[in-house]
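In this document, chain identifiers A, B, C and D correspond to the written order of the chains, with residue numbering beginning at 1 in each.
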């Protein structure tokens, strides 16, 4: 994530918001953030949101996600929120939303759903 | 895409395969390519595959995509194929598949579906 | 829809709620409403919600939808809400939610996203 | 499923095909099978396909599915195939495809992906 210039904006139980600064090398042919950029930050926000509700010594893997790209991903930075809709011992479902932020304006650029699995006794070593 | 080290491996009408070399800064906590990496290369492969069937002076935008991450995204490089399942004047549907390739072995790491829209009279300027 | 015992509970611009009474022949092996039942009512609620924002002499078709089944679809009836997240001239995106309702209790049984297309000059004749 | 006139056309390990006869009460406003009809038969085909690979004393639940509706669901009957793409102890991923069949012609009407979970020690009692 450091590679992509992502930072954590907010962490609550079951809700995480990440921010990613705009960089020219992440833009696609129209000058927008590439869909992959929105997907990367949205997937990560959902993964962290699920992880806030997981027991110790567990880790998180994305099973699948779906993203609708509803407006051009423009702005000074992208902001992505993952929100747990349904926590579970094995599977957790998150809603994903991405905004393009520019000065005072915020635009909803993507919305999605994500299924995550809790891997028990496989702590995240950070390596 | 240059930023992510992606190159084109195959282009046919309605089918494009891209390759992305493994780089440590793209890995997630378990040492795998991040889901965002698979999503980025898969989305791009599908976008190019659709584009091969589009008329001149048009461009392509991803409406939505869904990706199932079915095996760890490990290997020397990731390979993604976008294949047009249903071409259309307005909407095109692609199947997306990602493999992790290592020496002689190939492992299916993700499969997905993508909906794309053809933007007429809006040529891709490459800028 | 009459075949499935569906009725309209609420219609606002961009938001429609439908209700479907529980019937044994719609249940699956565990005594729950089959996933197909949730999908049918959710898809319809989203289709009607999009349609409330469409111009005259147009009709609506579902391009795709994705549904997460998050709790058993039990209850006296199922209630589905389609809510327009992003209206558009060509494509409209809806959020879909289904609840199982029983006496005083409501349980969130499914959540999803749906992409719809507006077919102009093709009025719905009801035939 | 009996309610909807569905019958089993083929069962192999990891692959099941179901058929559903056209009935006027399942059609939508354009005279097509409703999206819910395609979803119901596709979800069931995938569920059975996964179940063919599950151990004894287990049952199957759909976690989520996504369906692209690519052609009008017309014909004398609908045929749906669920094919296991990735079997697993906990989660199984299926590809879903639906065809409209009419006399000698077959048309691809929907394609999708589905995630299923194996519930151990919870046999399907058929009740």
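A few comments on the model shown:
To be clear about the criterion, a residue touches a chain if its C-beta (ideal position, glycine included) is under 8 Å from a C-beta of that chain, and two chains touch if they have at least 3 such contacts.
Just so it is clear, the structure is predicted and the values come from calculations on it, not from any experiment.
Contact tally for B-D versus A-D: the pair with more C-beta pairs in contact is B-D.
Listed options B-D, C-D or B-C contain a single repeat of the A-C interface, assigned here to B-D, on the basis that more than half of the contact pairs agree by residue number. Averaged C-alpha coordinates put the centre of chain A at 31 Å from the centre of chain D. Spacing of chain A relative to chain B, judged by their CA centroids, is 19 angstrom. The centroid of the Cα atoms in chain B and the matching centroid in chain D are 27 Å apart. Each of residues 63-64, 66, 68, 93, 113, 115 in chain D touches at least two other chains.
Partner chain A is touched in their complex by these residues of chain B: 1-4, 25-26, 29-31, 34-37, 39-41, 43-44, 47, 59, 61-69, 124-127. Those residues of chain B that touch chain D in the complex are listed here as 66, 68, 70-71, 85-86, 93, 95, 108, 111-113, 115. Partner chain B is touched in their complex by these residues of chain C: 63-64, 66, 90-91, 93, 113, 115, 117.
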